[in-house]
Amino acid sequence: MIKVGIIGATGYAGAEIARILLGHPEAEVVWYGSKSYVGEEFSSIYGNFFKIIDDKCLDDNMEELANEVDVVFTATPQGLCASLINEDILGKVKVIDLSADFRLKDVTEYEKWYKIEHKAPSYIEEAVYGLCEINRDKVASARLVANPGCYTTCSILTAYPLVKEGLIDPDTLIIDALSGVTGAGRGAKVANLYCEVNESVKPYGVANHRHTPEIEEQLGYAAGKKLVLNFTPHLVPMNRGILATEYATLVKKDGKLPTAQDIRAAYEKYYGNEIFIRLLKDGVYPETRFVQGSNFVDIGFKVDERTGRVIMMGAIDNLVKGAAGQAVQNMNIMFGLDETMGLRIVPKCP
Amino acid sequence: MIKVGIIGATGYAGAEIARILLGHPEAEVVWYGSKSYVGEEFSSIYGNFFKIIDDKCLDDNMEELANEVDVVFTATPQGLCASLINEDILGKVKVIDLSADFRLKDVTEYEKWYKIEHKAPSYIEEAVYGLCEINRDKVASARLVANPGCYTTCSILTAYPLVKEGLIDPDTLIIDALSGVTGAGRGAKVANLYCEVNESVKPYGVANHRHTPEIEEQLGYAAGKKLVLNFTPHLVPMNRGILATEYATLVKKDGKLPTAQDIRAAYEKYYGNEIFIRLLKDGVYPETRFVQGSNFVDIGFKVDERTGRVIMMGAIDNLVKGAAGQAVQNMNIMFGLDETMGLRIVPKCP
Amino acid sequence: MIKVGIIGATGYAGAEIARILLGHPEAEVVWYGSKSYVGEEFSSIYGNFFKIIDDKCLDDNMEELANEVDVVFTATPQGLCASLINEDILGKVKVIDLSADFRLKDVTEYEKWYKIEHKAPSYIEEAVYGLCEINRDKVASARLVANPGCYTTCSILTAYPLVKEGLIDPDTLIIDALSGVTGAGRGAKVANLYCEVNESVKPYGVANHRHTPEIEEQLGYAAGKKLVLNFTPHLVPMNRGILATEYATLVKKDGKLPTAQDIRAAYEKYYGNEIFIRLLKDGVYPETRFVQGSNFVDIGFKVDERTGRVIMMGAIDNLVKGAAGQAVQNMNIMFGLDETMGLRIVPKCP
Amino acid sequence: MIKVGIIGATGYAGAEIARILLGHPEAEVVWYGSKSYVGEEFSSIYGNFFKIIDDKCLDDNMEELANEVDVVFTATPQGLCASLINEDILGKVKVIDLSADFRLKDVTEYEKWYKIEHKAPSYIEEAVYGLCEINRDKVASARLVANPGCYTTCSILTAYPLVKEGLIDPDTLIIDALSGVTGAGRGAKVANLYCEVNESVKPYGVANHRHTPEIEEQLGYAAGKKLVLNFTPHLVPMNRGILATEYATLVKKDGKLPTAQDIRAAYEKYYGNEIFIRLLKDGVYPETRFVQGSNFVDIGFKVDERTGRVIMMGAIDNLVKGAAGQAVQNMNIMFGLDETMGLRIVPKCP
């Protein structure tokens, strides 16, 4: 049985790791770390766990944790994981970081977009970007995994095969994304109050959202060259779910546009055997409700001959495939377990 | 492996049975019956099941079904199950009826409240009212189980121990209940359109909702006498969940009101060993989000010395403990399985 | 033109006063007071007012305000108005207090329920409880009006005629109420975050909500005797609206229950000429969406012969008739204007 | 006083015309036409109008209507207005058609996208496209106005000045739009039930939504050439509001990208004097809640030097500026009234 510690267990992503691991036969949480609720019962914060999780919250003590568990999930704000990590820690315990600290390979990019100094730049190189479907080989031997962002997971996976296969011009890529409010975290901010969010939608982080360089870096690897793109997130009044609608100009071959069959073949090539990626039927587009609570990525697309573009659409549950679920998927890979263990959760709808 | 047929599988309760049984190790659905979608893939209606359930919808053919399955769930409007049932059917297959057809023991009450003729009154006597925590012994040997209504499950279980122990005057009982919109079904009605329900609450069925006689009959058994009460349901803009807030005057003993400890002791007496009933701590009251997707009933209470009343509050997921979950719980009991099999679902929140 | 100052203008009730007064031909806001946003443009907080209100927020300076305006609305937490009021202030300016400071006539009750010391008990006697439809004569000559609470406005008006006429036994009165989330204010609290409130309902303040003594005091005047009752508020996922469902045992006359006609006659007697109270037709019950944004109180009822009770139901917009609208209505009365001036707002639905 | 008839008064757009005209000093509705509710009180369908509108619904009788009113609004499905219109009608009464029947100048485009035969093609030429801010001169003398679609109003106005001024390459234009559910109408369809829409977002009509040719035609006039673009609508769980996020590549002048100042100047040139278009400050982006219930169009933008694109964002209330409000604005222009009469509605938030 793998012993698990969660730093930041009382945030939405941390609590979702707890929920998922309750259904995992080979792992159990033994440390619910928290900054604000030390000594309180975990189930007094998340009443859904009443009579299911009896533990009290402990502090976010990485040193001690490293001695007691096999793997630590850090579900905390940017900067914390980088400030806690060192050779001693990584010698004792595997770390899966749900923050952005080790996602970008270029530390100057990190410091530019996040506006904080990176406290452990020497581990950036070693850290593996844990987008499981793309990087699972590297994840298998990693000590430190940078769990991808929610928007990025959805945005990258939705476009990856078409970029990789050269079917679209990566410089034309535009990503318009919608997110439920759990993506904003559980901090007490006026902007996230019910009455500020309900019955409205808004764009934010226009042309400067921090997930932009992460998407660009990863899709750049697929394209084989640097790229810049537009990414615009919007806040939508619902608890969970990310939908990415992505636009790109198709690359003609021999003067002809790729067909819907060509596009489908590319998706099938990369995702045909993936359990968690569901390529929808023609004419069917993803809806976030259909992945709710699950680790699925639902992907649909439409070739528009009129404009020569393809519209790619992907949906995930931001707390599962966009955070906790993918983190557990990474854990499974790192420990040599069946990658889907504990994660074959059936989406609940409505 | 128990073979299961669902009549009305494309309604919300039917689909929820399908969802729950995907996690049941000893039962599998082999017949997804539908009136409106015969021949269509089940997952084309509920996209959450895409690549999980491959079956197409079959018709609502009870005769044929009885030859092919071990148990039939009828998740259909009132009147249908009664019109389909007969000795031949019940000789071949167990039936768990999620409609109201066999819930009331007095056929004239049924016909008065439901305003339809009962087509199989001879089976009313035999049918067991499947409120598992109260009637599990009778359910164990039943051929035909009347699965309780959603409001009734919540309302009865919240008050039962106090009525049974004589701690409250049953003639003073007032039940004020709130329901999410799945309770209204999946029929295409203007009243249930998003924009008619959203951003509003309303009472309905005031003093004449059909769940009233069901609550009265069952609590009457507990009280040892007939009783009438007020039950007022309200529609609330959320998908799932029922909350019942119940008021009753406490019965003095030796001139003294029962204390909170007395009340708690009564709940503990009946529910202390129940897996699915969670008696909340003092000062904690149920919230529907904490039971979402699960078979739990969360119960809290408050003794008000000022008024001499107790306020009892219960919460369930109307589609699970209020319909599909309890139906599966009944199935487990009928087939001699662990009662909680497939039902230890952790509530998801948010 | 009446000059208006608002202390607490950036809260939901304060901003609603601003919205309403934009449509008032005889009053204009000249002071948008705020604790947190001094110096910021009011429309930078409430973007709906962009290019409509150009003012910047000023501080909550009662002294200076009293010299500059004709009437001050205090839309602030309990305790502030009482701490600011004095003879000098009241000599210069009329004050309409939206907090609870001057609602209860018994200062010990205030201090017991609110758990703070009252800083200006000498003004409690003078203050007029501004429930316009009941107290408009007294309001007309008041210097200091205690604007009623949101739950209380709805709860009292819904039951008042039946209590006053002795049609119901006031000791049996039970009030079960639902509120949208604006009622919880605009403070940055985890409990009011979108994802904590959405898709759930919960009771709170069970048997100890602070609006209880206010309802009891006012209905006690109507009953001609002290009374205690149960009041249970619930939080519902919507922005605006309060619905009160109230239960009471009917008082027989000559051995007969009052009929629906008797009940209607009582409502008509008190509200027949009231512009803002709409007595619904038989069989029609209030829905909060139908009063949204308006100063209306919609009232319906049902006589239940089975139980001998009447169920009374009322709906208001908590920010309008439950706060800002009634405050403006009080202002109109105090300044001798048509009581409905600026308040004939048509509810918007959906 | 202008006498108004509404055909389709019981749909959401029709009822919104009724709401707006209650605040219009020079117009009154004398005919509430309906297909489904003839003979019923209008306020029995929209309870918000109880004691405000006393009229009963009449039938959708254009012939008779033309004799009784000065202007007819047709708020009906495509095809109906075209089937009712003729020289006799237009000789007696002005017609403002909220359907798409007269929006497209090319009848073959209409029949291709709408898949119905046009019944009155001879009036297409005469009909004026009622986008007031662009076409008010033509509207002033029109007998027949084609009131623009909701998505189109928002999409066109958001991009118009930049297209007109040649600041963006129109062939790169991509419009990603979000709509509240009132946009789907009040028809009883499963897809629009509360539980099908709530807690989810979905794209629809991808690359074939009917508002596409309307946007292309109008922006084509601005560009001075034909253009094709991508338009993707999404359904969002809220009652009202449309947000359009639009992307286009900036056109360099003398090797330099236009600056934010250049963009702002273009918007100011066209909208500087427009009452209903609010150009937001730098760094502020539109949120649908801030235009709710009003006739405003809020527009913001961001120049992204990294990608050489501009992101334009616009928000409207789909039922007001996107339907009923603009229809009334057109009426005002047609009758020589102040264009804003009855339309200076302050947005309500929250």
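Per-chain numbering from 1; labels A, B, C and D assigned in written order.
The rule is simple: contacts are C-beta pairs under 8 Å (C-beta built on N, C-alpha and C of every residue); 3 or more make two chains touch, one makes a residue touch a chain.
For clarity, every value in this text was computed on a predicted model and none was experimentally measured.
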{"item": "Least step count from subunit A to subunit C, where 1 means the two chains touch", "value": "1"}
{"item": "Longest centre-to-centre distance from subunit D, chain (CA-based)", "value": "B"}
{"item": "Averaged-CA centre spacing for the pair subunit C and subunit B, given as whole angstrom", "value": "38"}
{"item": "Inter-chain centre distance, subunit B versus subunit D - centres from mean C-alpha coordinates, in Å", "value": "46"}
{"item": "Contacts with 2+ other chains: residues of subunit C", "value": "12, 180, 182, 195-196, 198-199, 237-240, 287, 289-290, 292, 350"}
{"item": "Complex contacts: residues of subunit C adjacent to subunit A", "value": "12, 180-182, 186-190, 192-199, 237-239"}
{"item": "Touch list for subunit C against partner subunit B, complex", "value": "174, 176, 178, 180, 195-196, 198-204, 206-207, 228-230, 232, 234, 236-241, 243, 245, 247, 285-290, 292, 302-304, 306-307, 309, 311, 313, 350"}
{"item": "For the subunit B and subunit A complex, residues of the former touching the latter", "value": "12, 19, 22-23, 46-52, 182, 199, 239-240, 278, 280, 284, 287, 289-294, 298, 346-350"}
